[in-house]
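Going in written order, the chains are labelled A, B, C and D, and every chain counts its residues from 1.
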């Protein structure tokens, strides 16, 4: 559609200006159209910038860079594939990207949750058979 | 599209002003168009800090230090002691501390208002026989 | 009564349901999207569970997430509010299958009312007046002509599968019927791959009248009288009243009884709204039944004194109608609701953004339903309703004056709102006279 | 009707008066102190005039400034609200002398009711029940004994010029009367240089009952029934109800008629509240008449459907009572008001400061009167009332549930409030049973 193209051009034009001028935000509004382009944190060009704020995740690692595995759905957290089986992962254990770390049951479906990171399980944040929200942190993984 | 180009020019112009003046944000709105450009945190360019904002008193004196004579009560402002008399003070005239500058009538009582300052009457802010609030500026007085 | 109700909605209706639950001593579970973390329904519910991302499809329309939330919170019922999943028969079925009470009609009723053709037929069979027209698709313009001659012009041709005006033609002159029929068929064929066309009487300047009904699980249905919702822009209601203008008690009684009988016959339960067109001879024609609580329910609450959301909860829990509503429902005074939307008054687009200052109006006769507060952000992902202001008074004139006063004393800064439009409506002589129809807004805006 | 009314007050009552004026199409002038520049009464009035500094004596009690403001704004009437100048007979006289209508009783009525002894005598003469006691000062304990024997113990001795408990003695045993009389006299003499002592029946656990009256300028007075205001802390009302608990219709009718007759006889006009003590035998004793609109007027508005502030305006403009209130005043359902104060729950001191977040409760049956908004500062100069929440429902039980719900859904951050205390009151079994008296709060707080 022609309309899409016009919009695309305008947005690109604004994005170019953002870059060229070292801005962090442009808002533009005209007859029935509103465009906002922004780039968080770093401004291009001369300006020096404060380091990006670490999002507060409430947790310990003093020094620590860690990653979180978060729940992609609402459901019930299970540490193992069955009550008799050993947990998929244990605190202090090593995980590889793609490895199943737990199961979230939602609507009778067992959803295997995989690690997005290679590393060590620094902490498990949820008890077995506990309910979890969308986006709730489940594990903290520290890099090797 | 022609419109896109016009916008580009306007946005770039605003971005340049942002730089030149060391600002962090400009919002611009005119018939059917609204543009906002911003640069977070550090301003590029010369970026000395702007002088502290003068509190807006709505008036002229560009350079100017002036003092205000304010109404100590609610009432009606009179420039003279009677309709036949000349005004107590005129714009451009000189006043001395303690000199009567006007009358405020409140509850049938005529209250003479005196200047707190020596100086020149830069401006009279109230028309004759107009109602004035408590603390409303009546005259601006510039020092000699 | 339920122990704990999950509210599968957001905004003012979620607060409204929390209020009804709290009045009954029932615990509440809010669900929310990542965009709604700072919302009042999250603050006020006893528990709150994040169910997904900002887009409705990932959160408030996400059936598995909502059911899972109900399961982990151990909720025994779900109130769907309006919009989102409120009229999704499948959702109602899934709730039932999961042993969670869906607070609304049974899935069969929802499904029946969701199919406009079936609903119309059921209504007609039950003796509810419907627009005269062809009950079955028409295959030739001669058939169309025969029906049109019988019911009288103007008529409207509609594609059976239609929507958005395509395959639709209004015919005022019999001579135009044949060509209009051909055009409608080809448009319908192109748009929906189906050339079925049906024909209905066309009402030139209809008024929108709707009846509030309540039914229990034991075969009893009652009508609580009507509302008038003719003040619409692009089929979005802006202002509603109860009772309707110049609506007589006999008609209220008569239609109410027909509706109660008809809905009893199909086993309808819980709250519902039966929508009608009214022509200039004040004849009513069934359009559809909305199988849920309605945005504008406060006007009926004001004039009847009946708490409709509380009634929904009680009825869903199996209470008989006789213990939920008084024996004789009385209509007292007049009520008007204005839907204050955050929207651009020129473009009608949602004016998303942060509310810099909000102070709701108060005083006698004013009710406010709102999830807004200073500092709250109107989300672009959802509808633009910021507050519902309801004015109730002894007479329509007094209700109008109270509403004008309330809107003039509503502080809402930071977003553009529909208040100036509402103020124009409330000052318009036709509105004040109660002599308006669904074309009021388009004529006001000329 | 007036063209323009100046409101000599601030806060929620100023907004309440603006609302009533707006409903009547009357223009409004707000006056404000320098501390109240950002107040909603300034925002919402048609005009606003700064009249002085933050201290009440320089602004809201500053008669010349207020009269001057009325003159420069060309207001033809002044509504004093409650508190400040509302019961200042001199102010009412100055208004009259300046040709400005004072919206309230005439100065003579205000002055009569301001003198408690005269008011008591006038009430007694008019057949209003007063506490039995000595009409004149007593000069010897033997006199006191004679009166006490006649009316029965317990009795209370009070200094005629008294206040603050000095020169006051409760006597339960006849043997203690002589020494108590001596103590009271010497205390009175020391404190007030006047040893006049009088004696009254002492009510051990009184309830506070008050009747709302309205009178026109043509000699007609009506009673709109009673309120119960026994929930008080240090004589400050915290929660009020209408109707009173277990108050029978016959008493309402009977006392109402006596009041109407008595006030007609003295030419009382506009709104007034007649306060009574009620003893445990449910007998009523006149205390005083407040010649103004009362903070707690919304509970009467809720159950009668009568807008009292509108009525004040109409009556002051000379409308006859018959055109202001309906022929038969009906009491419908039950209403409760909670005064949400910004105060420290331990020390009861005003908790002045900025309100960080305010979201008033809404939904069915809830009315809010408030001048607060997020970002508004509770001023230390004035009273600490932030919002009045009124719940109305068909029954007292339902009104209590609605009030609990409303308070639980009131967001008020940044200052300490009385909400937790209100919540304790609303959960207390004695309160729920309606079996409480003016000592309720002190016993609750033990």
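By our rule, contacts are C-beta pairs under 8 Å (C-beta built on N, C-alpha and C of every residue); 3 or more make two chains touch, one makes a residue touch a chain.
Bear in mind the structure is a predicted one, so any value in this text is a computation, not a measurement.
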Practice item. Going chain by chain, each one touching the next, work out the least steps from subunit A to subunit D. Key: 2
Revision key, fill the gap. Most remote chain w.r.t. Subunit A, using mean C-alpha positions, is D
Check your understanding: If you average the CA atoms of subunit A and of subunit B, how far apart do the two points sit, in angstrom?
Key -> 51
Check your understanding: How far is the middle of subunit B from the middle of subunit D, if each middle is the mean of its Cα atoms, in Å?
Key -> 45
Review point. Hey, what residues on subunit C touch two or more of the other chains?
Key: none
Study note, to complete from the structure: Residues in subunit B with touches to at least two other chains are numbered none
Point to revise | Overall pattern in which the protein chains touch one another (line/ring/star/complete/other) | key: ring
Exercise for review: Using the contact rule from the top, write out all pairs of chains that touch.
Suggested key: A-B, A-C, B-D, C-D
Point to revise | In the complex, subunit B residues that touch subunit A | key: 1, 3-4, 7-8, 11-12, 15-16, 18-19, 27, 32-45
Study note, to complete from the structure: In their shared complex, subunit A is touched by residues of subunit C numbered 34, 49-53, 59, 64-69, 71-73, 98, 347, 349
Exercise for review: In the complex, go through subunit D and note every residue touching subunit C.
Suggested key: 12, 15-16, 18-20, 22-23, 25, 40, 43-44, 298, 301, 305, 307, 333, 357-370, 372-375, 394, 398, 401-402, 404-405, 408-409, 411
Review point. Hey, which residues of subunit B end up touching subunit D in the complex?
Key: 73-76, 105-107, 109, 131-136
Exercise for review: Sort out for me which residues of subunit A touch subunit B in the complex.
Suggested key: 6, 9-10, 13-14, 17, 20-31, 34, 41, 43, 45-50
